[in-house]
Every structure is written in C-alpha cells, then in structure tokens.
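What follows is a set of notes on a single structure, which appears directly below.
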C-alpha cells in the first residue's frame, strides 16, 4: 500500500531566506514521506534584490508557484500593502496546492503574510528561526509569527527556551539548528576558493585582486530609521574606500529605505569611482560562504556575520543596532555608523585571521532535522496558552 | 500655549467590537488631550451583520474613514484575502489620518490587519482584551496581536498576568477592565425595559410577549468547523421552538461558515414558522444589555454570556466549545450541540432568576481608564523580549 | 501527429451569463480542436446570487479556476474595487492556465476585468454579445470591451453592423446569434413542463398552483439609480400581489443597489405575506426557459424578456429604462415603475397567449457557431483603427 | 452668491503624461470656476522612472492624493495586477475627493484604471489625446477609454474625426490641441539653453560638451515584444557610441520589459564605458524641450519626437514600430533596430539643422482650451451609441 505523502509548502520571500533554508529544501525533496511545494514570493522574485529564483532554478528546484507582491516605492505604508497583497496571493496559492504544512522562514515583515494566511485557512504552520532577539520591526514580526505557528524549528537552545516561555508547547519546539549552518559545514569540509566571482557573477566595479586578502560588505537599511539609510551606508563606503583594501560589496535586500541605501551606493560610485570595490547583486549561497570563509572578514549589519560567520570563524564588524540582542560568538565586534570607527575596527580586528568555529547557531545538520520533524509531527492547527 | 493633542485611531471591525469599546470611544472623544479618529471596517459596515456603522452614527460619532474589506463567499481562503485587503485599505487610511496611536480590539481574524499595518508603519499600537483564553483561530490571532502591540488594555488580572508572561513589559500592561462592563454598570443603575424592541428595531418573526419572561439567543458559527454550522444552529432552534418560551434571537456576525448558520435559520423558519421566536439583526448595545438584564437568560456561544452577563448576573447556557478557556463566573453552564441537553439546561438553569454581580471582567469604569492611559503612555513602537 | 488543441478560457461572472453561454460551453467542450477552461468569478460563485457554479457542476462542467472578487457593501466605489480585484485574481488564473483565447460575455461591469487582463497579458480576446444598445453603465462597458476584443460573436446583424462601425475588422465579426437562443430552440422542440419547480428548487413562499397560468417576475436594480431600487421593486410587488395571479419571482443578480431590491422584497414579504408569490434564487437555465415558455408572460426588466422571450414568443412587460435601446420584437410592452400601469399591462397584454417566434437574437445554433469560429480564427492580439 | 466651483481630478500616472498635461493643470488651477485635485499614481511616484512627483511639487502643485500601484517584476501579468490595484486605490481616492469630473491622459495601460473607476462610480470622465493611432497595447487601451469617456480633448482634427466615428457625440469632442505643444510654443519664444543640465540634474556618465551639437536619445521597451527590449536598446547604444557625437540619454518609463531596456543600458555602460553619453533619469519638461530644441535631433521611439518635435522643427530618427500609425510631420525618418541604419540616419538626417514648425498636434494654447471646456460642459456620465 502506498504511503501517505505530506505536502510541505515552503514560502521563500528573499535571497537570504533561501540561503538559510536551502539544505532543508534539499532534505524535504529527498524525504520519502514528503513532497516539496516551493513557493517564491516578494523580493525573491526580483532582479533588483538578487534574483533568488534564478539561483533556486539553477539549484534544480521546481517552483510550484510564484506570488509577486512587492509594491514599488519607499513609503512605510507600502510594507503594509505588500504584506496585504501577499495574503491575497498566497491564499490563492494555498487553495490551489492544498499543502499539509506551510513553512515560513525567519522574520522579515512580509513573512507574516505567509503565517496569517495559513492560520486563516486552518493549515498547520511551521516557523524556522523563532525565539531569536534582534532590533526593529523584525522583533515584533518574529514573536508574532511564533504565536501563529504550530511547530518551531529553532537555531539554538536559548531560542528554544524563549519560544517555550512564550507559551508554546515543548512538544512542538525542535532545536534543529539553523540550516544555513549546514552550508557552512560543507564549506569548511572543502574550503578552497574554486571559482572566479567576477566571471561567474559579473557585477559592477573593478575586478579587485583577491590574492592577498579582501573584505566583504553587506549593509541593509534599518527599517525604523529609513531616512538615514543613505548617510549610514556612505560612512561604510568612505571607510572601505579610504583603506584601499580589496572589497566585495553585496547589494541590500528590499525594505522601506532600500532606495536610500542603493542611492547612497550609486552616488558614491559616481563621485569617487572607487578602485578597490566590486559590487555584486546575487550569488549562490555556497559561493558566498566560500568567499566569506576565505576573506579577512565581513563588515555591515547582515545576520550572516552573526550566524554563519560564527561557525566559519570569520571575524565580523557589526555596524549599528540591526543585530542588537542576537545571541553571538566571539567573532563579532560592534561599531557605530562612523567611518573612523569602521576603519579602526578593520585595522584592529581583521589582522589575526580566522577564529575557532562556534556552533551556537547549529551543528551543521539542521536541514535534515527539519525534514524529519515535518514528516513525523502530528498535524494540528489549534493551540491554547498553557498559563 | 496649546497642548499637544494625540490622535487616537480606533478601528472597529464588527458589531460586538463596537459594543465592547463604546465607552472608551466616549471617553477618548471627551478627553481634552485626545482626538478620536474612528475607523469602521469589515463587517461593521455591512447590513447583513448588524450595520454597526449606523448605530455609531446614531450615537453621535463622526466616522473618520471607512474601509470595505469583506470578500463575499464561504471559503476559508476568503478570510485571508479579506485580512490582506484590510491591510491595503488601512495603510491608506493611516497614511491619510497620521494617528499617534492605533487601537485594535479583541481577536477576530480581521483585527490582525489593523495590528500589522500599524506595526509596518511604525505607529504605536494598543490592544484591548489581550491575554484571554478561547478556542479556535481567535486564540492564535489574539496572542499574535499581543506580540505586535505596544500597549495592552486588559480585562482582568489573570489576563494581565498572561500578557506579562508573554514577555510584555509590565509598564505597558493596564488592567482597565473591559469597557463593555461600563455599559452593564449603567444598565444596573437604571434597569427598566424602557423601549419596545419590535417597534424600535423591526426584525422578522412574531412579536412575542415579553411580559412573563423570555430567552435571548445568540449563536455564531465556529470557524474551524464551519461545515457543521448549519446543523449546530438547528439544534438550538429545535430546543427553543419545542419549549415555546418567547425568544429574541440575534443574527450571527461574519465568519467563514456564516452562510451555514444563516441558512440554517432561514430554512427552519420556512419549514416550521416558529411562533415564539423573533429575529433581530442589530441593536444599540445598551438596549441589548437591557434586554439581557430583564431576560430569563441567554443561550448560544456569544462571549456576552461570559462577560457582560457575569456582571449583570444573567444566567447563561453556553453551547459547544467556542468559549472554552475563558475566565468565567458562576452564571454559566455548558451544553453540547444537542436539542435535548439545551432544553434540559433551559429548564434547570433559568428558573432561579438573576444571580449576584461578578466583576471578573471589569468594575464598570474601563472606558475612562483606557482614555487616561492613551493620553499618558510614552509613544513607542519598538520592544524586545525580556527573556 | 497530434493536432494542436486550442485552450479556450471562458470567464463566467454571473448566473444570467452562464445561461447565455451554456450551449457554447457544450460545443467548445465537444470540439475536437478545443479545450475548455471554465473560470467562475464574481457573483456566479455566490449563493446570494443564484449559485451559478452549482448549476454548472450539475451540468457536468469541470471548473478550471474560481476567482472570488465581490466586495460586500452597497457603495458604487465597491464596483470599481471588485473589478480591480478581479484583475488581480484573473491575472493569476490566466498565468496558470495559459489560454490561447479568453472569452468574455456581455456587459456587466465586472466583465471588463476579464477584458483588460487579457489585453495586458497579450492574450487574444473574444467578446460575446457586443454591438447591442442598452442604458446605464453596461453601455459604456460593452463598447469599451469591443475596443479591447480581437473577435466579436454578436447576436444579430444590427449588432454586427455597430461593431464594424466601431472600427472592428469585418473579418473578426461573426453573427453567430446569441447562444441563449439555442436553449430556447430546444425548449420549443420539447415544451412540456416536466418538473415540479418547488420540489426541485425549494425557494421560499407559497407553492402556487401553476395549472391555470402563472406569471414570471425578474427585476434587477438599475445601477445609476440604485437608491430607488427598493421603491421600484415594491411597485411590482404590489401589482402582482393585488392581482392574485400565481407568480414565480426570481431573485436579482449582484449590483450596487441589490440590497435595495432585496430589502424591498424581504420587507414586502414580512408585511403582506403574499399568498400568490413563490421566490426562487437559482434555476437551471433550461428549466427556467421551460417555465417561461409555459407562463402567461414575464414582468420586470430582465433581458431574458427581450431576447429569449422574443424567440419563445412569450409576452413580456418591461418596467423602466433598463432595456432601452435594445433591438426588440413585438412580444414586449413598456411600463413605468407604477403599480397601476403594471397591473393594467398584465391584464391587457397577457390574455392572448404565446406569440409567433422571432429570430432577431439568433436562430438557435449560436453555441456551435462560436466554437467553430474559436477553432478557426487566426490568433492575434493587436489591431489598428481602419479610419 | 458664491459660484459653484467644479472639482477636477486629474490623474497623472507617468512622467511623460505630466509633461503633456502641465499647461492644462496650470490653467485649471488658475480658472475661477475650477478647483484642481491633482492625483499622482503608478510610475509618476517612483524615482526609477523619473520621480515626476518631485517635478510637480517643484512646479508648485499641491498633491491631493497619491496612489502607489506598481507591482515590481517583469511579467506581463503584473501590468494587469498593477491596473487592478490602481482601481482599488483610485476608488478610495475618488470616494474621498468627490470630484465633479475625472481627467485621464493618453493611453498607457494603467490609465484605464482611472477610466473604469470613474465609470463604475458614475463620475463624468474626460479623456485627453483620444483618437490617435499607434501600435501595441496602447491602441486597444486608447480607444477603449474613448468608449468609457464622456468628454474628449483631442490633439488634431484627424483625431477628432476618429473619435466621432467611434460613435462619440460631436458636442463632446473638443479639438484643443495637445497641451504639450503649449510648452513647445513657450520654448520657441525664448529658446536659449539657459541652464547646465549636468549641474541641475546630475545623472551618470561623462559631462559631454554641448557646444558643438549633441544628440538626444529616448527609447522605451515595446510592450508586446518585451523579451527583445535589451537587444533593441543595445543597437542604439552601439550606434551612438560608434559615432562619438555627444549624447544626452533619457531613461525609459515603466512597462513590462523595462528591466530589459535598463539592463541593456547598464551592461553596455559597464562593458564599454562610453565617453560621449550622459544618462538622465528625470527633467523638468521645459528644460527637456529646451535641450531638444537646441539639439541636432532626437533618436529613439518616444512620442516626443513625433509630437513636440514636429512643432519645434527638431529632426527625429524613429526606431522600430512603436509610433506606427501616428499622424506625423516631415521632421521624422524611420529606421529598424539596427546599428548601421541608425548611424546612417544620424549622418544623413541631422546635418541640416532645424526644420519649419508644424502645428499638426496643436497651436500652443491647448491647456487653456481644456480648462475652459471643463468649466462649461454639461455634467453627464451616460451615453448611447448613435448608430
């Protein structure tokens, strides 16, 4: 007799989310009792934000549905409208695909569209990366999704503890580690920089020399302070340009304020034509981690610096408060949005080379653990506070 | 020097929500440091669900904006789409009105549209009636909104305790009592049935005799079980019809499954033409409470039975699991969806008359307490889990 | 070698549209070179407006997609929003189904959503029933769709002439006749009233005696005058009630103002409890035509009176200006919204029995003609004015 | 007694539309019997497409409402969704502003959202620039809007004739000339290049020398062929780069396919770093016309080449079929998407200097004529085909 196959709909809304979930997607696809329904939405569909969908297709994933939801423009009200449109579109998608479980990833504002849509439609909801602490609107969104979710796949024991304290049943909280660490583990196992990033990914700016060490920068606008996004990124540009160290710079993802960050970068390039910076828009997650592993260190406010780089042992300079509150390893130092402080930090923190690996965000087998849990949990979509 | 007036946007999405918040609206409007922006949305705009907006206008409130959001049809996916459309519409409304604080009420699914829209737009959010326990999707929605909200106006100390345990700062949790109890207090102060409900509100069915005692029925469909809504309401109809006691029946509010309930009522009326039941669609909240206070008791699954009736001391028969988990007083007995059990409960529980008043859901001064808190809280829209 | 099958997406948005297109759907489904993609949208999905989708399923059609679009409420702005939402939903549907040709029917406001969506997506568009003349917003919508459409399947030579004068290429204008007449032809071929409408369709009100002749009423609200809808329908109710002739009354379809018409009917029923009127919501088109064919005549403002009844030879009393401008046969007399005039017209016009059949709207083979044209036209989605 | 002031809502959806309507906006604002309600929507709000709203504000216009509607991504279905969202948003705007007449401009796909919304809401609709002939989807949209509109302000007698032949009442067709020609008239009256475009507008690329003649390029993607947009623009880039003549290049407006055009430009810049081309995103319409008037000629597929340049006497090279069918003066020559043909045309057609002015698109007083008509037409929103 044929076994019952569970349909697992995973909604990917952004390039970094794909990077985080990739090994779980692999494991779901390979699992004999699961069927993967990969849904691509929001900025993951847009070339301006890294064209994640092309990477997915190159990685061999079949796309079950696309949901275009990003309303263009810089106003905060458009975040709400994009989220609302996401619900309208995802309701159609879920109605067509009839998944047994919906999976939502992390805490970007548009992910709550996935969560509420599943909740309204009485579809069991799994949340990856709940229980963490950060600043800005992500904080509200993340814990709000926890209260909508039926299963929690968390990165660390402290995160699991927070989810349980939020009233979630311990039976439904799984410390799987973050699947992004799975990729990091594979990188450490085979660390050589085996591709030419300029040939493979194009990008704009000078093809800098990577032989003697290079920096990686990834700096996102901070939502609740979007009018300052342009000034903030400009400080980092000055610091990197002044030092003259070869630098690979990655374009930010979508948010109110992206235009500020993007315009800041464009203006600086026009005005100073920096000769030590190359700009990329999108990159295969593994290639990106490999570049990180072989770099002097990472600068900016990306969570990659906090998470994957902890495992990889890559030194990181964290600018501003975007990562405030996150559990962290020793690889990280903090600086304000100030070119002098950023330059000093680069000079002091990046000359000692790689540090010891830290498994605070996972042991490198998170994807499989998530797939196994998805195949075995009891299906349910109701719960009650235990206190 | 002119004082700074805070603009308080209150979004009312349903008839019962208006009933709950009315005295707070009065107190906000009357407060010298507050300006009320009353926004009416979802089923509160529709005649099929009681035309709450007409009641508001009759009560002298000026409507700052309307947001039509209800997509017609019985599919669960339409709850998600209605919520998404609510975000699209409310984002425009908030952008036009620029409130200092947005207030959302209770836990119907469409109220999360208010909460997320405010969160995405960095507008401080207040939530009324968090921390309570019920079944079905409301449970997820309620606690999810708690995690999006910056201020919490709760009904009882147990509710406050739950909100604090969910990680909310004690500074931001206010035990105001539920404003619906304010109306109940006024009724007890002047209890006479001073109007003819048939003349004032029309409705359909026989004008039953109220002189020797009468029942009140209000039964909503249960979201996660919407296909049974028709059968469920039919059991109650049989029970009430069999006993022949005069009965005032109130139409349900909007939900997936409403059609089941409504069709059940319509079919029963066509088939049996009951002579002891009169059906109403909408009623001024005070008139409704006055009718309740003078009744033999209330039957169904409305939270009015649990909350206002606790204060009023009106006996209540609670059918099914819609109110499971709510803090409750002695006025309530539970029965399943079964005509025999409902009849027995009416015969046993409704012959002793009114019971003692219980202030479990408030002491009758909640509206003023909410307005005072809104005028004095520090404005903020960010927070971090304390654990 | 397998032949190339054309995918034909037909979007049905209302009960009367289904009735009009049914034989074309049959012929498309049966055609060896066509594949039918039946899309159901707007009021065709709603029980309040006759639940056309249930009729389609009973008729054996497979539904390729549903698009819920009706925003509930009586404001004219909701007609625009419903149409806009229709475009959002249909764009997803067309993107999924990838039709070779999209077919839109007649002139209700929401049908322009189908037309613009196809035009924006470069999908060839066929329009059924262009070139006719009526009053109100339908007039704008109909000719506007003609200018978006690539193929025109018109009912009559006068309509064809108008479409050509609007600049459409004669090659693309096909005088197929209206497919609704196909059903009428089949009725005349086998005219006996072979079912009990009360048993088969339920409805509300007295089961009137059909043996000695009966009236049929179908009266829709008039869009541009929606506030008077209630008064208008009340005049007809008085007239029919006063005469006491058995009457089968059909519920109106959705429009701004429907609430006025519906409320008018509901109020009248409560107040007068008419004993000679039975109210139906939905009916199989053939059963409906059979009832018409065997009736004394039809009263109201439905286009069925103008079109099908011309072919059937059923006398018709047309109230108000909703059908102004339509090509018409001798079966029709006009009256204003006035109970006296309506009564007089019933007495004078309905006592001579059926009239001669008139093929002004088709010869009864329109469905097949449409399917044949759809299989043979050259695919195109561009055109230029010839003058 | 105070005179009745008519509220005129003009919806501007793109940078070129603003340029076309500006003098009409001036005249409406100045008219004693009119009140201007300027609504900005679609790409007119976006910095990627020239930030038209900033130009309007700099020109002293007050914005009555904004409607963000552009869904980001390159799929054709997003044109439909953007239009649908436009209807949802504009219905709210019209409901708030309650205009007496709505004005829609020209024929971009999103303008039909304005037209249908007004039609559904029974608001009289005026259309500027009906009756013209072009290729692609604009052709369908334009004539479809004509059939929705109540008043027609056309550019030329041939256009008026076409609108009348489409069945519009001659009373409602006004040959005002295109208001864009009003700006051109003012330029001829004071033709000196009185500003430094690089200082005033920034842009990217070399600050080319304008002293000895320069080219202007504006090339849009062609909707129905969007996948070729990138190749098409690349041909023009090669031609201009090869010749080495100083060139001012203007970024395209939004359409499916914009990404192709934009990416084509970006890639070419990265690869060849052309030293004779400067790229601009937005410019005050008058400054743009002044640059055109002092140029050697314009290249691309913009309608400015056909319309304003006819009046200005500026030679134009029209690439591809985007302007096919438009009435045209002698200033225009046609070439295919081919670098050789484009180069040859530049060499042959641009060395004779400016040509004689031609008033085929207006005599330079269109804005005032439109305002006068808006103040005097009878208000109406119903019409019937006269044939």
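We just call them A, B, C and D in the order they show up, numbering each chain from 1.
The criterion applied here is as follows: contacts are C-beta pairs under 8 Å (C-beta built on N, C-alpha and C of every residue); 3 or more make two chains touch, one makes a residue touch a chain.
Nothing here was measured: the structure is a model prediction, and the numbers come from that model.
Visitor: Please work out which of A-B and B-D is bridged by more C-beta pairs in contact, and write that pair.
Guide: Contact tally favours A-B.
Visitor: In terms of CA centroid distance, which chain is the most far removed from subunit B?
Guide: The chain farthest from subunit B, judged by C-alpha centres, is D.
Visitor: Distance-wise, how many Å sit between the C-alpha centres of subunit B and subunit D, to the nearest whole number?
Guide: Taking the mean C-alpha position of each chain, the two centres sit 52 Å apart.
Visitor: Please work out the Cα centroid separation of subunit A and subunit B, and write it as a whole number of Å.
Guide: Spacing between the chain centres: roughly 40 Å.
Visitor: Hey, what residues on subunit D touch two or more of the other chains?
Guide: 75, 77-78, 81, 85, 88, 92 - these are the residues of subunit D that touch more than one other chain.
Visitor: Looking at the complex, which residues from subunit A come into contact with subunit C?
Guide: Result: residues 85, 88-89, 92, 96 of subunit A touch subunit C.
Visitor: Quick check on the complex: what are the subunit D residues that touch subunit A?
Guide: Touching subunit A: residues 45-48, 68-75, 77-78, 81, 85, 204, 259, 263, 266, 270 of subunit D.
Visitor: Once bound in the complex, which stretches of subunit A touch subunit B?
Guide: For this pair, the touching residues of subunit A are 75-81, 83-88, 90-92, 94-95, 109, 112-113, 116-117, 119-122, 133, 135-137, 139-141, 143-148, 161-162, 165-167, 223-224, 324-325, 381-385, 387.
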